[in-house]
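So, here's a batch of structures to check.
The same chain A turns up in both complexes below, where it pairs with chain B and then with chain C.
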Partner chain A sequence: MNTVLILLPLVLTILFSLATVPILVWMERRIAALIQDRLGPNRCHINGIRLGGIIQSVADMMKLVFKEEFLPSHIKNKFYYLVAPSLAFMSAFLTFMVIPYADNITINEKTYYMQALPTDLGVLWFLAFAGLGVYGIILGGWASHNKYAMLGSMRATAQVIGYEVAMGLSLVSMLITYGTISLNEMVTYQSQSFFIIPAWGIVIQPIATIIFIITAFAETNRAPFDAAEGESEIVAGYHTEYGAMKFGLYFVAEYIAMAASGALIVTIFLGGYQLPYLNTNDLINNFELVLWLIIAFAAVTSIIFFKWMKKHNIFEMPGLDEKKVYATLIIGFTAFAIVVMSYYALGFSEGSSVGVMILQFAIFTVKLFFLHFVFIWVRWTLPRFRYDQTQKLGWNILLPLSLVNIFITAIVVVGVNYGS
Partner chain B sequence: MENEIIFTILALVAIVSSIVMISAHRPIDSALSFIVTLVSIAALFALVNATFLFVVQIIIYAGAILSLILFIIMFLNIKDANLPDEKHKNKWLMGTSLIVAPFSYILIDLIMRSDIAVNGIAAENFGTIKDVGLTLFSKWILPFELVSILLLVALVGSVTLSKKED
Partner chain C sequence: MGVKVVERHGNTFKEKLYLPAIFSGMRSTLKHFTKNLSDASNIPTICYPEEKPTDITPRYRGVHRLTHRKEDDSIACVACFMCATACPANCIEIVATPREDGIDEKMPAIFNIDLLECVFCGYCVEACPCDAIRMDSGIYSVIGELREDFIYNKAKLLSIKGISKEEYSLGK
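Showing the complex of A and B:
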């Protein structure tokens, strides 16, 4: 139990970052298709099983892994050229380490942290390693020895330097509000509610939320701030000269960075692993009731999903009958989950704190995937900003706005504390 | 014991990369080995429990200032022909290190005799964010404000200088 609980957040970090990349690629393509009113990739299959198109991103990853490792002959600095993608990948991965996936859990009078790195540095750790991520891009662009790559990496650097200031300042106003830099304490703060409104960051600090989300887009080089790889102007930017898995690392690093910023937005502004009005103690005390609600929810959603699949899954594929396989799996899994949950819900066994932990993982995952959806939604809705517009937005609008926001926040916080 | 091994490794990395930094031929090599120095010094801070210094070192120096320096180096687009011809670099290095050696021996001896070396690992709350903040804003408030004014003057100065050109 001891080792499992210590290793669990590490495993979750890998799951949320590396293992979600094929799903994110799939989401990106299918949501793009949805927005542009087409189907997207859905024909690639393993013996008839298509998983709605996820097999396509698995196939793409396989292609990247087995492609020939090609080194362009004009590259002089081979070391920098090869180390750059792994720098980008490493720093994106490290930013994930401080995200709390569930509340601290106490079993047998020993407290376990549900963060991969149980440190109080929280937000500062994220800022530190998000800032290091730009070295991968700078070095890659410089070592590629190519005009387009160089332009792309210079754009990326200027953009990251500009937006990091606004990002840090918007975080400062959140730090003043919460009075802590530990991410777990921030989430605990957000479980309170003022009158009937939950005290989520997005409610008490809407301006900081908007600034942070915009800067997070810019920091991860996602559209509409992806001038660094503007393919219509500078071919593909910093990764023009990269192929096979060296490109794959950049590709994965971008998605991991996106996932990490999404996780941080969830943690700071969207209440983290908490449900509104219910803090961890409430969930533990009313665990039986919560379980009955989940059982009802699981039954209803699986029926709805079942009907939806029957209506829309109409392609005839060779091999196994996909619909039958999914139907068996869904019915089997739901039945199994309901049996297990009713065993606990009827009070045969005590497992409320572990159960609440799993529930909080689930809440966090749902919120995180909603954020992924928003990231992709924005990418396929807004056109790319011109480069000077990006700089103007960063320095002339976001920076003063976040300074004003800090000023107002400080006045309000001091005023509230002065009275009491 | 483990701490000493980690300390030795980090210290060696910091020293070697700082030697590379001053002796490298191309500016980009210097800048990159300087990043290695800064990160390993940050790790040394973390080793003595100064977590705030660790993270600030990475955010400010490694994250912001060095990326600015790299940006400028890339912007200047220095070619091999522009770099100075350093024929007797190794001789100079050997000579100067020989001259400096006795002084550094005295310095090491002084440090070993003073009580800094004895203290070893600092107290639990040394260098945490709360402790640093309280010390800065109570004991050292005047120097702190003076330094911030100094930085502001530099900032305003650079803006005025860059405005003059157009």
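Showing the complex of A and C:
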């Protein structure tokens, strides 16, 4: 049990970052298609099972892994050229390590943190590695010995430096508000209610939220701030000279960075793993009621999903009948979950806290995927900013705005603390 | 001379804030997303191999065909090399031979079109003085497994039928 609980956050980190990449690629393509009145990937299948097209992004990943590796002969610093994509990938991956997936759980009077790295300095770790990610890009652009790659990486670097400042300052105002630097305590703070609205970061600090979301888009080089790439003016950007899995690492790094920023936005501004009005103790004490609500929710969503499938899954594929397979899987999984949940609720002494932990993972996942949806949704709505526009926005608008925000926050916090 | 003064946009505070415009843009894309997610049947894409396009115009340049003479159904081509000369991709190969049956002086012994080289510009059709080569076959998908499958010879080109305007709109 000890080892399981200690390894669980690590496994979750790998799942949330690496294993979701095919799903994110699929989301990107499917949401793009639906926004643009198209259908998106729907043909690739394994014996009739298409998973709505996810099989195609899995096939894409396999293709990237098995492609031939080759080094362009003009590259002099082969070490830096090869180390650059892994640097981008590793820093994106390490950013994820400090995100709390659930509340601290106490079993047999021992407390376990649901963070891969149980540290209180989560925000600083995030800022450090989010900033380090751009080293992979600038190193790759420099080591490629290619003008276009160099230009792309310079644009990315200038942009990241510009936005790092505003991001750090908007975080400072959040640190002042919460009065703590530990991510877990920030989430605990957000489980309170503020009059009748939940005290989520987005409610108590809307300006810092907007600044942080904008800078998170810029830090991860996502549209509309993807100046590092530019098909029309700099060929492909910093990864012009990279092929096969070296390109794949950059590609995956972008998605992991997006997932990590999304996770931090969820943690700091959207209440983390908390439901509004319900803190962890409430959930643990009323766990049986919560279980019934979950079962009802699962039943309703499955019925809606089945109806949707019946209407939209109309392609006849050779092989298995997809609809029947999904129905069996969902019914089987729901039944299994109900059995496990009731076993824990009745038999196991710490069952309710384990159940609440699982529920909190689920809440976190739902919020994170909502954030992914927002990232993709923005990408297919807004056109790319021109380079000077990004610089102007970062230095002339976001930086002063975040400073003013810190000033106001400090006054309010001091006034509240010493006034009462 | 009337000078039309165009009003400059983007100077009010609301427009300079950008966020309202961004949110209205996101609302409109979300509307498309939810509409298509809840009802995919109105999406105008066609699922190509099963559904065929229905809007091909009669002027569409499909695979070439060689026409037949009205009188005796023999080949209309007189092997004048005009099409091969006009071809910018050099994809037409003609070997001429004297015509023994007295209908005309020459005819092609070999007439090959390499569809992998062809750019479907239609110059050959324009150049032909005898209306012997046409691109009105309506065939828009050419499929093969070998490079040789794409070299259409005289017999194959003669066997392709032209389709009528009505058949075009049906997307045959």
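Here is the rule we use: the second predicted complex is superposed on the first by the 408 of 420 C-alpha atoms of A that agree within 3 Å, B and C clash if a C-alpha of one lies under 4 Å from a C-alpha of the other, contacts with A are read in each partner's own complex, and residues count from 1 in each chain.
As a convention for this text, contacts are C-beta pairs under 8 Å (C-beta built on N, C-alpha and C of every residue); 3 or more make two chains touch, one makes a residue touch a chain.
Everything numeric here is computed off the predicted structure, so don't read it as measured data.
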{"item": "Fit or clash between chain C and chain B when superposed on chain A", "value": "fit"}
{"item": "Contacts of A:132 with chain B and chain C, given as first, second, both or neither", "value": "first"}
{"item": "First (chain B), second (chain C), both or neither touched by A:119", "value": "first"}
{"item": "Touching partner for A:157 - first (chain B), second (chain C), both, neither", "value": "first"}
{"item": "Chain B versus chain C as contact partner of A:320, first or second or both or neither", "value": "neither"}
{"item": "Between chain B and chain C, more extensive residue contact with chain A", "value": "B"}
{"item": "First (chain B), second (chain C), both or neither touched by A:312", "value": "second"}
{"item": "Touched partner set for A:34, first chain B, second chain C, both or neither", "value": "second"}
{"item": "Nearest-approach distance, in Å, of chain C Cα atoms to those of chain B in the combined model", "value": "26"}
{"item": "On chain A, positions contacted by chain B and by chain C", "value": "none"}
{"item": "Partner chain C, residues of chain A touching it in the complex", "value": "31, 34-39, 210, 311-312, 315, 377-378, 380-382"}
{"item": "Residues of chain A defined as touching chain B within the complex", "value": "80, 119-121, 124-125, 127-129, 131-132, 134-135, 138-139, 141-142, 150, 153-154, 157-158, 160-161, 164, 181"}
{"item": "Residue ranges of chain C touching chain A (in the complex, touch as defined)", "value": "19, 22, 25-26, 29-30, 32-33, 36-37, 39-40, 43-45, 47"}
{"item": "Of chain B, residues touching chain A in the complex", "value": "28, 32, 35, 51-52, 55-56, 58-59, 62-64, 67-68, 70-71, 74-75, 128-129"}
